[in-house]
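One chain, chain A, links the two complexes that follow: it is found with chain B in the first and with chain C in the second.
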Partner chain A sequence: MAAHLIPRVLQSIAVVFVVVSLVFVGSRLIGDPIEAYSARNATQEAIDAARDRLGLLDPMIVQYGNFLWGVLRLDFGDSIFSEQPAWDEVSSRLWATVQLSLAAFVLILAVGVPIGVLAAIKRGSIPDLLARLLALVGQAMPNFWLGLLLIFVFAVQLGWLPTSGRGGFDNLIMPAITLAGFGAAATMRLTRSGMLEVLSNDYIRTARAKGLANRTVIVRHALRNALLGLVTVLGIMLAQLLAGSIIVEVVFAWPGVGRLIFRSISLRDFPVIQVGVLVIAVWFVAINVLVDLSYNILDPRIRVGSGA
Partner chain B sequence: MTRHWTRLHRSRLSRRSLLRASARAGVGAAGLALVGCGGDDDDDDQPQTVAQAQPQDQPQQQTAQQPQQQQTAQQQTVDQQEQQVEQQAQQVEQQEQQQEQEELDRSTAQQEAAVSEVDMDAEIIVAYGSFPPTLDITTAGGGGGQGASNNLHFAALAAYNSGRVIQPTGGFGDWEFTEDLSSFIWRVKEGVTFHNGEPLNAESVQFYWERILGRAEYNPDFESSLRARAGWMGEISIVDEHTVSIAMDTPFVDAPEQSGGINFGLLPKQYIIDNGDDHFANNPIGCGAYQFMSWIPDQEIRSQRFENFAFDHDAPFQWKRGWAKYITGRYFPEEQARAAALEAGEVDIAYRISPDVASQFEDRDDFKVIALPDVRVMALELPVNQSLDPITGEANPWRDVRVRQAANYAIDAQAIIDNLLTGTEERAYSPFPAGYDPPIGNLPGQYNYDPDKARALLEEAGQVGFAFTITLPTGLWTADRIWMPAVQQMLNDVGFQVEVDYADFGNALSLIRNNEVPNPFVFNQAGVSSGAPLGPAFAYRLVTTVGAPYSHAQETDDFLPEFQEFQTLIEQANAEFDQQTANDLYYQAAVISYENAFQVPLFGLPHLYAVRPEILYNEYYDTSTGFNPIYAQKLKT
Partner chain C sequence: MSAQSVRTDTPGALISRRRGWMSRLPRGWPLLTLYLAIIGVFVVAGIFADWIAPHDPTDQTLVNRLQGPVWQEDGAYEHILGTDGLGRDTFSRLIKGSQTSLLVIATVIPGSLVLGTAVGLLAGWRRGAFDSFAMRLVEVQLAFPALLFALLIAAMLGPSLRNVIVILIVFLWAPYARLVRAEALSLREREFVVAARTLGASDLRVMTRHLLPNVVNSVVILATLNVSTVIIAEASLSFLGAGAGPETISWGKMVSEGRDLLKIRFWLTGFPGITIMIVALVGNLLGDWLRDFLDPQLRNVQ
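Moving on, here comes the complex of A and B:
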């Protein structure tokens, strides 16, 4: 396991390094950061002073070295907009988005997989039709609309949940449902199709012929194999939830990192953009590593040393 | 030149003045009839008392048989009738005054009764559509944070009356120019403390200007968005414990506003030096009516009434003690979510909502809609001084006056008002507050909706299909996402190809302020109400000139000759201490601007707020933020 894990981690670090380097280059290609830093009608002396302060007068290689050294120390400089440390700006909002993404992911798994399995094993039945209809609606419905609908029903009309904001568990319910909507529907369809494919295989017939209980056949033999294809998609989905939660964050006034990055891009707030991109890159890479590791658990043939 | 300020259609006539005018018109009509028709009593619908007086006098006049006497008698009759009518008018006036006094007494009694029911321990929760990125007023100014933080936590030196006229006395400081105009003096109100108990004195005032200017020793690198506004300040010296003097290289007529105006929130020197800028930006201390308690970025700001505030509830100007004990601002970037929070009872006030959302709350017992006026005018600012189009790199089409005029003729602002807004907004033809004549100069008339003319002008200029983007700061201006698509479509209908960038308000403001929006952008301009000493043309200097806070123009631009003339006049006016002369110069500049269509004015927008019924709001100060929660009262329920 370690022999497999270590190269994978090293590979991931290399990927993060490349991403960080691209962020450095990209942020300097977009435009001169000094324009954003300088006050309106700033004098040339003030501009030069700002350039000096930001190290922009140094050779590019020196700037790059300083940048990498800053990354290692999580020192990305101050936000142009708020004048607060960029890392603090992102990290103070990161947990809110991670919390929302994980809650949505749990919902995706809890709803998408069981209903997908149910639809597959009850193929052609009313539950299957309902599940497919639900999947269709879930994928077709824009999440901002779903969010507003939930607010009006559960917060305004029924008064069961708070309309928005971040606080207790009840604040998390509607944003998580909204964020999970599309993913749950997609997972449902993928699980269903994956299960249908697996269920038609010979080894399933063999398992049934051996007299195994239906539940054992479904869970241990069919679902486990169906999940193999699904895991990659779920991994990407989990990564995307982090980066793609901005609409939900706006509708539910959820103080997350998505809205911050979006704002920073429009403001050319480079330090915050760099931190945000780095965080998302690390998140993607980490999820990919976890997905790889999960293959080992799910599929014995992939297990290192198994001789598969 | 005061004729320029003749109001078009907004002067409000009271019932009393209408009665008096109609009575006088009746006398005039009767007199004309007598003189012209030789005693013909052919009267119409004039006051009955006039007609009744004629038969008694007429026989005597006829027996005299002398035209001169008759004329004299007629004149006397007219005089008598005038006197009678004047007496009647006076009676009517007295009755009206009596009624008004009774109404006033009743209203005052009601207000007093209501005040006794005000819950002084209440918490008022306000749902905002924009939130500040930092709580330091000197870096967050104009970033959408005024309502949620700046207005509550900070106070500035100057006082304004309700018409936004800056007052020489009555605020946190009194100001005056030295006789030789070499210095500008602020005398700080004595006995004032910041929320942490630190005294407000000359030293703290000197510090906060020097901090803005990057001259404060503790951190000369401090960057403030107000630095350009304070650029006129020379040496700042302490005269005595409560008096500060600012040296002026050249006399600066706007010194009171640009040193003690609403953007210049007073800050505690020692607190900042001891704790640093970062700490201050997260834990602000001011001397405003509310003191900071806590904030969660992008989510919530909590404030508590400052019990040692320097002014009371009935102070004459805008600085007043708060009513509610706590004010909590919560951030709801999505308008429907803001309305839903009010509907669900989570908040007391939905701040700045669109007419269609406001209509959800109208005519309901459980909510009220408050509409506050704004003298500012929404306008499309055009980049006229760049030789090249920043997007295409080709010749800038906006330098052709025909293109600019086409944009002015293309938009049917009245239709937008009637169909998309509340219908009560006023069409604006210039950055003057709605209701003022536009300064048309040599133009045949004002720019009214005329799509055919717009198309023809665009064709003549060879610019059919001219593609550009409009940046619209969103989240603060009423119904921004409703009327902007209509503006876009109307421009497209005459041959433009317009895209709209719906930008976050705070971000867009910063970008515009830093001259990073080279394309046309929408902004609310004017900012000077009818009562302001320099009249509304003064507003032009805030709009398109070099050095204006939200303008395309920069010194390095390739000015159009007309713009150069405009800019020169504005600069002369800015340096002119005689108000009448300054006013005339501003007006001349305004004419040039209007003739050359440097902008596309649209309409004045009211600010709409939906509130719970127990919220009372009786104050109005014409500031850019409109509703100020400091003045909001929550009645006991």
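Moving on, here comes the complex of A and C:
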């Protein structure tokens, strides 16, 4: 296992390094933050002093070196906008985003998998048809529009839920549904097709032939194998949720990392952008590594070292 | 499997022995006709937007602002789907917006398809260093939070349709490359390819004459399924203000403009939202149909 793990982790660190470097270059290219902030009548001396304070007068390579050294110490400098440490700005909002992503992930599992299984077992029936329709609509619905639709129906018309912000459990419901929508539809579809594929295998016929209860065949023999194929997809989905939360956080004014990054991009607040992207990139590759590992553990046919 | 056991709701390449031209139509043709009709309306609206739109989509008449659609009390046939906060005709803006979506689809899909297929063919046929490099690149790309980077790049270069197109091509070529490479890897061991090689066919000839025709089906299916991805991606970027530029009309931007008026005029976000959904839905349905039609082996699975 370790022999498989080490190159995978090294590769992941390399990916994070590339992402962070790209963001460093990118956030310098979006424009000079001082120009965006300084008053119209600011003197040249004041502007230079501000640039000096932020280290913007150093050669690019020195800035890059300082930046990488800062990454290692989790010191990313201060936010230009709020003048608080950039790391604190991000970490104080991280829990809100993780909470939203996990809630959406639970929804995806709780809705997508059971409906997909049910649709496969009752293939061709009315419930199957409805499930497929739901999956099709869910995959065609842009999440910002799903969010606005929910706000209109449940907040504006019915007045059951608050339109935006974070607070109690009722604040979480609509953002979580919005974030989960696409993933739940995709999971439903993949579970259904995975189950159908597994159910056509010979060992399922054998299990039925030896007189096992239908329930046992479905749960013990079919579902377990169908879920195996889903692990990778679900892992990628969990990783995408954190990054995908940007739109949902903007629509629902959810005070998380996504909305912070969105705001910081328009404010040219590059220390905060860098930390935010770094956090999301680390989350991304960490989940990818975990998915790889779990796949190795779950499926004895794929032995460590063989293939990907 | 006998022809009778094929599910009737899936189209098949099988032509039944019954007589008459009706039997020559592919399975599921009524639905297919519907999909094609919807796509046809979308394409025609996009190409001829300036002729079809009943009003100038940028024409502001403040007297008529915030009119409801025709079936509501304050609606009028003059503006079938009502007007926005600046008195612009929603129906005409939807038509003009389809031009934007059509332009993005018509550039992003061929662009990413050609790039991805070329890389995939070369990687699968030549193997070696290029293959390793290309596949690492694909992995990195598929693992990137694409939207985040699109936002950054849009902030760097300013919102414009051209940037959206370039960004989407850069993010969407990877699935084609992976698919084509996988198929090329299995094709290269097949007898007809080995035979061509033995007869002295050049790399280019093997790739274009022997491998390419055999991957076209999968690539076309993926491209069709990608229509919804592209539409939704462009709409999302435009919604966040990182997509179409200020003078371009886009469905995503219309949703965002209507957002502030959600409480009093739902239809300002409703119409563009529903339009995006219908085009994306039909794209997916058409892709599913094509997969069933071109790749009958998958018929029982999907």
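The rule is short, and it goes like this: the second predicted complex is superposed on the first by the 222 of 308 C-alpha atoms of A that agree within 3 Å, B and C clash if a C-alpha of one lies under 4 Å from a C-alpha of the other, contacts with A are read in each partner's own complex, and residues count from 1 in each chain.
One rule holds in what follows: a residue touches a chain if its C-beta (ideal position, glycine included) is under 8 Å from a C-beta of that chain, and two chains touch if they have at least 3 such contacts.
Worth saying up front: this structure is predicted, and the values here are computed from it rather than measured.
By the document's definition of touching, of the two partners only chain B reaches A:Glu83; chain C does not. Residue contacts after overlaying the shared chain place A:Trp145 against chain C, while chain B stays out of touching range. Contact with chain C, but none with chain B, is seen for A:Gln240 once the two complexes are overlaid on the shared chain. In the superposed model, A:Val250 makes contact with both chain B and chain C.
Of the two partner chains, both chain B and chain C are touched by A:Val156. By the touch criterion stated above, A:Ser193 is placed in contact with chain C alone, chain B being left untouched. Once chain A of one complex is fitted onto chain A of the other, the partner contacts of A:Asn288 are limited to chain C, with no touch recorded for chain B. Shared contact residues of chain A with chain B and chain C: 144, 148, 151-152, 156, 250, 262, 266, 268. On chain C, the positions that touch chain A within their shared complex are 7, 9, 140, 143-149, 151-153, 155-156, 228, 232, 235-236, 239-240, 252, 255-256, 259, 262-263, 266, 269-270, 273, 276-278, 280-281, 283-285, 300-302. Listing the residues of chain B that touch chain A in their complex gives 133-134, 136, 139, 143, 214, 221, 223-225, 227-228, 231, 277-278, 281-282, 296-300, 330-334, 336-337, 340-341, 343-346, 503-504, 506-508, 510-511, 513-516, 547, 549, 554-555. Of all the residues in chain A, the ones that touch chain B in their complex are 35-41, 46, 49, 53, 79, 81-85, 89, 92-93, 144, 148, 151-152, 155-156, 159, 162-166, 250-253, 255, 259-260, 262-263, 266-268. Residues of chain A touching chain C in their complex: 15, 18-19, 22-23, 26-27, 29-30, 124, 136-137, 139-145, 148-149, 151-152, 156, 193, 196-197, 200, 239-240, 242-244, 246-247, 250, 261-262, 265-266, 268, 273, 277, 280-281, 284-285, 288.
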